[in-house]
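I've put the structures underneath this note.
First subunit A sits with subunit B, and in the next complex the same chain sits with subunit C.
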Partner chain A sequence: MSATAAIPAREARRWRLSPVALRWLCLAALLALWEVAPRAGWVPQVILSPPSAALASGFAEWDFFASALAFTFGEILVSLCFAYGLGGLLGLVIGLSPFGRRAALPLVSSLYALPLVVIYPVMTAWFGIGPASKVWFASLYGIFPVILATAAGVQLVDRNLITMARAQGAGFWPMMAEVIIPAALPAVISGLRVGGALVTVGVVVAEMLASTDGIGFLITQNRTMFRTPQVYFGILLVLVLAGTLDTLISRLERRASRWRPQQDNAHE
Partner chain B sequence: MSLDLAESRQAPSAMTQDQPAIEVRGITHRYQTGRGEVLALRDINLSVAPGRFVGLVGPSGCGKSSLLMMMAGLVRPSEGSVAVAGAPVTRPAPERLGVVFQEASLLPWRTALENVAFPLKLRGVPRAEREARAGQLLHLVGLKGFEHRHPHELSGGMKQRVAIARGFCQDPPVLLMDEPFAALDEQTRMTLGDELLRIWDRHRKTVVFVTHGLTEAVYLCDEVVVLSGRPGEVLARIEIDLPRPRTWEMMATEHFGRLREQIWSLIRRQA
Partner chain C sequence: MRAARDRRVLLAQASAVLGFFLLWEGASRLGLADPRLLPPPTLVLPKVAELLADAGFRRHLWVTVRELLLAGVIAAPLGVGIGLALAESPYLGRAFKPFFHFVAAVPKSVFLPVFILLFGIGFGQKVAFGVFQALFVLVIATAAAVAAVPDELLRLARANGATRWQIWTEIHWNAMLPLILEGLRLGMIFNIAGVIFAEMYVSRAGLGQRFSTWGESFRMPELFAGVLIAAALSIIVNETLRALERRAGAWRTP
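Up next, the complex of A and B:
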C-alpha cells in the first residue's frame, strides 16, 4: 500500500527543469521585459527602445546598416589575422624556451592587464581615423590572450611525449607538427576565443570613439541624434557579430578536442 | 599471423654473431644540481650479445634509467660511449634502437594504429604501407579490433601493448625498455611479460629491460645486471640459466628463488 502511494509523488517530481530550458527561459523573459518595459511606459522609449521597434527601424535602413556591418566585419577580420597569426607565433616562440618565458611572460601579462583604450587617441594621431587605426588598436587589444594561452599551452605539453618523439628521431619541424602544436591546440583555441572577443570590442569601441564608418560609428551617430531604435539595432548587430564569431570558434574547439574523453557538454 | 619481421627494410645485416649488439664503454655521468655536482654513474662497461634478453636492476636512484637513456642516444654521458652493432650512438637512432618507456607516451589525439605507425610516419613511409604494418603489429600484441580507438579508450595494459608495438614498428635489432610494466597492476604485468617473451622468442631481438621487479627480472631475462647505489657501478652480472620457454611453475622452484635471493642480497647491501 505504501509502495503504491509513493508512486504518484515520484511521478510529480519527474517534471524537472533542465538547465538548458532554464537558460532559454531566462533569455525569453529578458526579451519580453525589454519589449514590455518601454511599451508600458516603465522606461521612456528614448532611453530604451523595444526590440520590435529597433528591428523595424533598422531594417527600414538596412542598406545603410549592411554597408557599415561589412566595413566593421572587414576590420575585425584583418585584426583577427594579425592578433591570431602574430600572437600564435609569439606565444610559440616565448613558450618554447624557459628563457623566453622568463623574459617575456611577465611583460605580456602586465600589458594585458592595462586599460589599453587610453592609447587609442594616440593611434588616431598616428594612423588617422580610418580603418588602419582600428586594425592596429584591435590587433593589439586582442593579441595578449592569444600569446599567453599559446605560451601556456606549449609549456604544458607532456614531456614524455617529447622524449618519445625524440627517441623516434623527430627533428624540430616534425616535433612541432606532430607533437607540440596538436598538444597545445585546445589551450590555444581558448586563447583565440578570448582574443576574438577582444578584437571585436576593440574595433567597435574604436569606431565609437573616432570614425567615419562602421557599426560603432552608426551607434554613436544615431545616439547623438536621439534615434534610439537605430542605436539598439546597431547594438543587436554587434551582438550577432560577436555571437557568430564565438560560435565558429567553439565549433573549432570541439573539433580540435574530439580525441579527448567526453566531458560534461556545458556548451551544448 | 603472417607477420614476417625478417622481411622488413632494416635487416640487421650489419650485425655478425661475434659482434656485441650493444657495447657500453667506460660510461661515467655527472650532473649539476643546486647543491653541487652529483656523480650518477661510474665507469660502466657492459656488452650484450645479439638476441639476449638482459635485465638492468639496482636500488632506486642508481641511474639505471639514465644508463638506458644513454644507450638510446637521448642523454649524452659525461664520459664514455655506447655502440650498437659496432656503430657509435650519439643521438637517437630509431632504425637501430626501439625504446619503450614507463609511461606508454601515446599521442592522445591519434588512434592506436596511428600511434604504432608514428615512427614510420616520421620516416616518410606512405600511409597505406605504414598502417598495414602497424595493423600487423597490433595483431601481434593482441589488440586486433582496437586499431581505431584513441588512447583514452584503452586500459593501462592496452596502452603499454600499443607502446610495445610501436617499439617494434621499425624492426630495430635492439629494444630498450625502461620499466615498461611499472605502472601496471600485477596481473597485467605478468600477462604482458609472457606476451613480451612470446614475441621476443619469435623475433629474437636484443632486449635491455630496466625494472625494479626482481621476480620479473629473473622470469624474463637471460642475464641480470645488478647496479650499485649512487654512483651506479656494475656490481654483478647474474646468468639466469632457467630453460626457455619460461613457465609460471618455474617461479615456485628452489632455483628461481635462489637466483632472486642472490640479486636481492646484492641490492639490499646497497640500500
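Up next, the complex of A and C:
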C-alpha cells in the first residue's frame, strides 16, 4: 500500500501542495470563513458567532464557566470511578470463565448498541435533576466498553504465564494481582479510554437535557437565550475537557504497556 | 458437542433476560422499589401494545423512523464516497484522513445546539444531526475497507488480464462489503442515538419528544414502554445489519 502510495505522491509534488500543507490550509480557510462570514453579514451572528467573539464573551464570563466546568468535572470523576470499578470487576468475572464469555459478552455488546440516552428521563424521575442522575447515567453510559475490554484483556493473557504461575504454587489472589491484571492491563486501558470519552459525553448530554448546573446546563441556558457566542464557547470548553481527559488516559496507556516486549504489541 | 454448547449458551442468555424481567417484576411487586417509579413489566408490556395501537403514538414513531431512514440514506453514499476518495487518492487521504479520524473521536453530541441554531427544531435538523453522527465512522470504515483488499489478489487479477471493472466488482466489492456494512451498522447506531437525543432535547414530534414529556410528567408506564420500543427498534436495525455483514463476510475463511 505504502509503496504504491509513494509514487503518485512524488509525481504530485511537482505541481501540488504537500498534503499536510493542504490540510492546514483548508482548516485555516475554514476558520477564516467562520470568522468572516458572520462579521460580513453573510450569516446572521445569532446563528454563527465568530470565534473571536465566542472567546471574548466566554472569557468575559469566565467565573461562570469555570465553576460550571469544575462541577461537571466532579461529576465526571465520580462517574469514572463507578464505570471503571464496576466495569473492570464485571469484565474480570466474565473474562475469567469461558462460559461467561460466550454467554454474557454477546448480551453486553447488544446492550452497548442500544441508544442509552432514552434511559435518562427515567434517571431524572428516580434521582432528580441534580448530580446523582448524571452520575448514574454517565456510569451506565461508559461501563460497556470497560466490561468488553477487560473481558477481552483477561482472555488474551498468555496461557503460559498462568501455567507457570500455577506451577510455582500461586494462589488465587497472587495470580490476580501479579499475573492476570498486569498482563491484561494494556487491553483494558484502551477500553478505559473509550469509556472515559463516553462518560464525558454522558455527563454533558445529561446536563444539556435537564440540570441546574454544569457546562452542559450553561450551553442549553445560553442557547435558549440566544446568546450564541457563549454557546460556542461552552462547546469549545467541552471539547477541551474531553481532549484533556483523553490525553491523560492515553498517557496512562503508554505507561501501562511499556513493560511489554515490542513484538507482543505488533499483532494486536 | 458444539450444538449442545451453543444450546447451553442460548439457554443461559434467555434465562438472564428472563431473570432480569422477573427481578424487575419482583422488585416492583414486593415493594423493594416504588411501583410508581418502577412499574412492573406486567403493566409495561401491555402498555407497549397499547402504544403501538394508538394512532397518535404511531405518528410520532413514524416521524422518528423517517428521520432515521433519511439520515441513513444520505449518510451511506456520502460516507462511502468520501471514504473511497480518501483511500483511492493517496494525496487526498494524506491530507484529510487525520481530519476525519479527529472528528470521529470528538464527542459530537455537544454540537446539537449548533444544529438547532442552523436548522431550527424541525424534521430537517434531526436528519442533519443524524447524518453528522453517522458520517465519520462510515468514512473511516470505508477507507479501512479499501486498505483491507488483499494485495496479492489484485496482483493476481491484473496478471491474468482482468479489466478495471472486473477487479472492482469481483475483488474490491467482495473484500470491502463486510467492513463497509460494519461501518454502516455503527453509523446507524450513532444515528439512532443522535436522532432520539435531538428529539429529547428540543422537538415537537418523534419518539424522543414523547420520552421527555413522559419523564417530566412522571408517566412511568408509558416511559418504560417507550424505552422498550426504542430498544426494539435499534435491536432490529442492528441485528439486520449484522446478519447482512455475516453473509457478506461468509466467503472469508474463519
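Here are a few things to note about the model shown:
The rule we apply is simple: the second predicted complex is superposed on the first by the 220 of 268 C-alpha atoms of A that agree within 3 Å, B and C clash if a C-alpha of one lies under 4 Å from a C-alpha of the other, contacts with A are read in each partner's own complex, and residues count from 1 in each chain.
Just so it is clear, contacts are C-beta pairs under 8 Å (C-beta built on N, C-alpha and C of every residue); 3 or more make two chains touch, one makes a residue touch a chain.
Please read all numbers here as calculations on a predicted model, not as lab measurements.
With both structures placed on the common chain, the touch criterion links A:Val179 to subunit B but leaves subunit C unconnected. Once the two complexes are laid over each other on the shared chain, residue contacts for A:Leu156 go to neither subunit B nor subunit C. By the touch criterion stated above, A:Gln168 is placed in contact with subunit B alone, subunit C being left untouched.
In the superposed model, A:Pro121 makes contact with subunit C only, not with subunit B.
Touch criterion not met for A:Val36: it reaches neither subunit B nor subunit C. In the overlay built on the shared chain, the residue A:Pro106 is in contact with subunit C alone; subunit B does not reach it. Comparing subunit B with subunit C, the partner in contact with more residues of subunit A is C.
Of the two partner chains placed by the overlay, neither subunit B nor subunit C lies in contact with A:Ala28. Of the two partner chains placed by superposition, A:Cys81 touches none, neither subunit B nor subunit C. Looking at the complex, you find that subunit B touches subunit A at residues 72-74, 91-94, 97, 99, 101, 103, 105, 107-110, 118-119, 121-122, 150, 152. Listed in rising order, the residues of subunit A touching subunit B in the complex are 158, 160-161, 163-170, 174, 178-179, 182-183, 259-261.
Those residues of subunit C that touch subunit A in the shared complex are 5, 8-9, 12-13, 16-17, 37, 89-96, 98-99, 105-107, 109-114, 116-118, 147, 151, 189, 192-193, 196-197, 200-201, 208, 211-212, 214-216, 218, 220, 223-224, 226-227, 230-231, 234-235, 238.
The part of subunit A that touches subunit C in the complex is made up of residues 1, 4-5, 8-9, 12, 16, 19-20, 22-23, 26-27, 46-48, 99, 102-104, 106-107, 110, 113-122, 124-126, 197, 200-201, 204-205, 208-209, 216, 219-220, 223, 228, 231-232, 235, 238-239, 242, 246.
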